[in-house]
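In what follows, structures are represented as structure tokens.
The following pair of complexes shares a single chain, subunit A, combined with subunit B in the former and subunit C in the latter.
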Partner chain A sequence: MASPGPAGPPAQGSEQPGGSAPTRRGTELAMLAFAAGLMTGALMLVEVNQEQQLTMRLVWYGLAYLVLFAVAHAAVRRWAPYADPLILPCVALLNGIGLVMIYRIDLALTERFGSDDWSAAAPKQVLWTTIATGLFIAVLKFLPDHRTLSRYAYMFGLAGLVLLALPGMLPAQLSEVNGAKIWLRLGAFSIQPGEFAKILLMVFFAAFLVSKRDLFTVAGRRVLGIDLPRARDMGPILFAWGICVAIMVFEKDLGTALLFFGVVLALLYVATERFIWVGVGLTLFAVGCVLAYQLFGHVERRVESWLDPFGLYETGGYQLAQALFAFATGGMFGTGLGAGRPDMLLYQANSDFITAVIGEELGFIGLTALLLVYMILALRGLRSAVAVRDSFGKLLGGGLSFTLIMQIFLVVGGVTTLIPLTGITAPFLSAGGSSLLANYVLVALLLRISDAARRPQTGVKPKPVAQAPIAEAHTVMVERPS
Partner chain B sequence: MNTPLRRVGLVMLAMIVLLLANTTYIELFNADEYRDDPRNQRVLYEEYSRERGRIITADEKIIANVKATDDQLQFQRTYANGPLYAPVTGYYSVRYGATGLELTEDEILNGSDDRLFVRRLSDLVTGRDPRGGNIVTTIDSRVQTAAYQAMTGNDFTGAVVAIKPDDGQILAMVSTPSYDPSGLADHDPDVQEQTYNKYRDSNAPEKPMLNRAISENYTPGSTFKLITAAAGLADGRDSDTQLMAAPGIDVLTGEACDPSDGSTRCMSNYNSRTCGSGETASLETALELSCNTAFAQLAAEVGEEKLVDQAARFGIGQTDLTIPLQVVPSCVGSRADGNCMDIEDEPSLYQSGIGQKDVRLTALENAVIAATIGNDGIRMHPQLVQKVLAPDLETISEYDPEELGEAMSAEDADELTDMMILSENNTGGEGKRDDIEIASKTGTAETGADPKNTPPFAWYVAFAPADDPQVAVAVVVESRDVAATGGKLSAAVGRATMNAALARGN
Partner chain C sequence: MQLTRAGFLALLWLFVLAALRVVRSDLYAAAGLRVSVPGFRRSSAKKSRGGKAPRQLVVTHGALAGTRISLDGRPIMIGRADDSTLVLDDDFASTRHARISLRGTDWYVEDLGSTNGTYLDRAKVTAPLRVPLGAPIRIGKTVIELRS
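Let's look at the complex of A and B:
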């Protein structure tokens, strides 16, 4: 009645400047509320099924969760208003489900091992989530433009290498936990530097490939109708391959090696648009697999317990067999939250095997829903990468999205015996600070890229130097920003 | 760059689809096997988290119940009167599994039986935790209690089985000494272990967990003369048929002999007496006085084939009898060759005719023999479960009486009944009532390698009232007294049981 404009477009948000592109922050808030509702409901179910009474703990966990994501949402509103509205809610949902499951597994393991032998992981996870949210906000605030990263690409690459190599170099008492030398133990808490190295190296590779991409498109010798790359262009992929083999040898970390190599391969393919790189990569991968199986006992054991977890029940197959029991017992609908037996999976129930617990308690349907949430998250990231205007953003966004799916593929594929168990954690779900911090940085970068993709181009046009070559350009030269 | 990005997107989709396909494959093709793997204890725990059904007597006493607990196994089995009903219920233990009806009716009790499927679905919809169905037994608490008290009151080791002759329902199944299954159902593994050890082997030589009614078979002694008599009647003899009255019989020649000359070939009557007062004894007199020589001679005359056939008609030798508890087979011959229905030679035939040598009967089988005679020769399937009730107490299925064939003609059964009435009149012990006519047979079975110095098994099989039998009973007591006879020990227990059954009023 008071409004004069009869045919105006529906208002979408106060900070929408021109009315041309909706920010969709309202959608994000609604979806976050939905995720919070789901998480609280899940927590209540656990409480009801486990202790048959609702304790104050539920209120505290629920509140901590709500506050965290309200702050994260506010930060997105403030510093990345055009970011994709589904990415943060997906993360919130996954993190929430993860917290509920970790809390639920705490109850089971405390019951089984006693509070002396099992210290609750859920409070730590809440703390790590808080720190991760802080880091998430910091990235959004201090990185207004993702292209800035490409300026420091070589520095990031070097830092990534150092972080990756550090645990391998250090003495075992500082870096080894459960046979994997991937830790950095600093007094009371320990971190996995490899998680951060992944992102740093990805930034490096994206920037490196953008600047050198045309080199890789030059055909070398033609053999049997296939254009082979030139031998000297094989450098980067051999380098990456060498790093992965080194990780396997010195740190016994199959998962990181696989993940790293897979992402490099994807980046190389996207940058060059040539399948031949995938072919070369897979060949190297196959050679690496055979070598690792032949040379390293821990790889051979992993493969053997993968092939016959029930036959090797007493000697290494126990957890895999129990994971399969968990899926089978859960069946279609699951036993219900809090009604399964995660304690059968022993101490790794809340990290590497958390998806088995979800498969048992939420069933095939719950696991499917979970995988679809990852799918949505990664596809939204990929969509942003497609829509963003600069090549570096495209490559980085695509790589980050692919990392998410690759991780969940290795985790779920491992516990369902599709592939050998590689000992990697499920992003946002599993207990573990390093993985959480790194993945929140990853999501902050994705949000930054999607904000750039959807932000209406108003005001001053960016300087041509700052704008990376568009996808269709055939220019070779890239001016180094000064 | 967008085309390869989209292709990477397709690869990501393909990876997720691969994961889903693999999980689907596991759920479809391997899940059953994994669920049933003995190393997967989840199913066990799930079973314990469900409210297990109750076991109820025919007169509506709950003998196995559940109580809610605050630990992870949400319900604990309780046994209101554990030792009294242990042979019926068995036990239900996390650590030691289940026995008795807890084992055989497990699918009903734990709610997984297909007949409960529709109710499980409705529980799912209404959000109720699924519950197990209930088992109504044929046991009558009054009969069971009377039999149990008669046994334990005298500190007897043995078994009592009471059956309704016309439909085979088991009114009482007692085994003493008994055990309390409550401790085995405790959720504390230590309590379970202590209880189990207390009742096991070296700690309990009297074997309280052995169900003496159906899992142990005893030398039947003179109670087997009912079979020999039935075989004789079927072979054309009657109660007046004259048989040997001599105190001893030569097991090689079948001639009369003098037991006092010490020959091992000379099988004697009880206390080496002559059977009755005449030169010969009638079949009737022989059964009344339980003369060994007469029945040994009769068994030899009838022959192995007809004797074994008669025994089989009464159910001896049946290897797959379930009530639904598994019953060990009763035998007439050695079980060394797997078939326990062969009498090995002529001397064995003489001894088998009076229920010695390799003849072994369960208490249940002997009760079935008495019930069959009382039911005009028609053998009924003995049965322990009367009804299956849904969790909401609606009847799901009911036991139908099942005939297992004609063991003897009605006329022969009547004639044998008359002889058993004479036998009862010749048997002492407490519990006789003027208003009820009982037909019975006692037995004092020699056991062991040195029978003269080993305490015998004291038997008493009977049914009452003789003209219209409402209850048949078999009592076996592993006596500790070398001089004990069936009449003294077992008859009182049997009569107390039958009196309780007849006092029920139906």
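Let's look at the complex of A and C:
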């Protein structure tokens, strides 16, 4: 539902290039500058609290960040001028805070282990951010219309399945890191193909549901007042469930399995508006949980350390217990940036447990702010999905936004022991190239969809300024002579 | 030290609030959009072809007379099933009676194998038929038509 003249506040009117709809690019730039300021401030605080000199390193990180997002902003201005003005700044802020925290954890680990044992993760993360921004710009440039994706849906689906299955099939020395077989090691680099498979499969599933959604709304037998779906329509959801179980068995990756199943369920629900699919999905999920707990040792260990992290402190619960200590130390206002003890978390302080480090140093208030930024990000994505005109875009946008929220729920829920720890990275915050790359592609797609949603229809004469109150505008429309 | 700590948190929240302000300003635009735009867009898209696109479906006779459903491009399911878009409580209507769906820029009505049939104007609907503006579609005791 693009508007020939969405009644934005007059203040934004000055930013319009074509004079028809506000693009809000100026707002985006201002918010980006704000994010950059916050990031630089955070970096300075860390340096001051760590009693470091204001070294060249700081300037380098800050500059890299500024230039990167200026370039990304220019790309949005060029190729997606009507895109949502909040998505990119939110991403920039999260990524910036992530970089600062990773750098800060580097400092702590170097202090504890000495620089020889510990290779710094921050420069690597800056490098990955650069590559990710490049990919982001490439997606914006080479994908002028998201609907093109639906044409290659089955190919994407196949590619996604292959990527998902690849690490499970490969020998362990190529694909196993810390017990999870989700990696693909190529020389110096290692990537997690599952992160990309996630997006590819979502494109496939959205396109599949758009073309076949009528099938899923056909009611089958009625049991206890509930219309059950027909048995043969259960195929796709059972298939998705099977894949998730396979991921758990062959790749020992709880997080991806959960995420994947959650997204399939969400898309199915959005496409059919029938709650019964959620019911069916949750039943399958419960069955899967029980099976996994009974059959797989790694799932059982996760659950046990979730139930009693302090009891299992010496074995499996160490990190969870430390994360809880970190939250407790942080309290309401946090210890201040650079004043916590993230080295106590040991491994994965900068990936899976980065939210615990943030919770310690920024406290409940700071972490809540960051979670709100995630919420705004997903909200804008969902709003674009509501506003976009084609159902493929709606489903894809909804799915992508849901993925973001689901990921952050799994991470924060895991770290705060609301749910068992699943080992998934916080999008944009955590160190990790694949997650960053995939999430930037995700955001580029969201921007593309929001651009399509807000772009005025071409060939439509610009409506005479609709600055009047909404109620009045409505009246005008109804009385138009037909 | 304490000051910078609180200051940073305050700035963080300021970012959130600024973002919410943008959301709010956009919310009004969205509301205006919701009310005025689909019809405007459709009608002007169609104007080039010398017609007007239907914007709503109105029930003119029957128990539901007066009901209006705005057309947003999604198919309208009509029947006695609970999940129909227009749920009929009519002995002459089937569970899944008819569907009105958008193809290209035109709306088509098709009968989904109902017992008592669907009538467009006076013709029985056997294959998908294009629905002109204002043409009555009769299903059991209910008559609906598309209006702009």
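What to note about this one:
Operating definition for what follows: the second predicted complex is superposed on the first by the 440 of 482 C-alpha atoms of A that agree within 3 Å, B and C clash if a C-alpha of one lies under 4 Å from a C-alpha of the other, contacts with A are read in each partner's own complex, and residues count from 1 in each chain.
The rule is short, and it goes like this: a contact is a pair of C-beta atoms (placed from the backbone, for glycine too) under 8 Å apart; a residue touches a chain by one contact, two chains touch by 3 or more.
Everything numeric here is computed off the predicted structure, so don't read it as measured data.
In the superposition on chain A, A:Ala321 makes contact with subunit B only, while subunit C stays out of contact range.
When the shared chain is aligned, subunit C comes close enough to touch A:Arg389, but subunit B does not. By the touch criterion defined above, A:Leu379 lies against subunit B and subunit C together after alignment on the C-alpha atoms of chain A. In the superposition on chain A, A:Gly242 makes contact with neither subunit B nor subunit C. In the overlay built on the shared chain, the residue A:Gly311 is in contact with neither subunit B nor subunit C. In the superposition on chain A, contact of A:Gly336 is made with subunit C only, not with subunit B.
Of the two partner chains, neither subunit B nor subunit C is touched by A:Gly279. Looking at the shared chain after the overlay, A:Ile365 reaches subunit C, while subunit B stays out of its contact range. The interface of subunit A with subunit B overlaps its interface with subunit C at residues 273, 372, 379, 391. Interface residues of subunit C facing subunit A in the complex, by the touch rule stated above, are 1, 4-6, 8-9, 11-16, 18-20, 22-23, 25-26, 28-41, 44-45, 48, 52, 73-74, 81-83, 148. Residue ranges on subunit A touching subunit C, taken from their complex, read 1-4, 6-9, 12, 22, 24, 27, 31, 34-35, 37-38, 41-42, 45, 48-49, 85-86, 89-90, 93, 217, 219, 227, 273-274, 333-334, 336-337, 362-363, 365-366, 369-370, 372-373, 376, 379-380, 383, 387, 389, 391, 457, 459-461, 463, 466, 470, 473-474, 476-477, 482. Remark: subunit A residues 52, 111, 266, 269-271, 273, 310, 313, 321-322, 324-329, 331-332, 335, 339-341, 344, 359-360, 364, 367-368, 371-372, 374-375, 378-379, 382, 385-386, 391, 394-395, 398, 401-402, 405-406, 408-409, 412-413, 416-418, 471 touch subunit B in the complex. Subunit B contributes residues 1-9, 11-13, 15-16, 18-20, 22-24, 26-27, 30-35, 37, 39-43, 45-46, 49, 70, 72 to its touches with subunit A in the complex.
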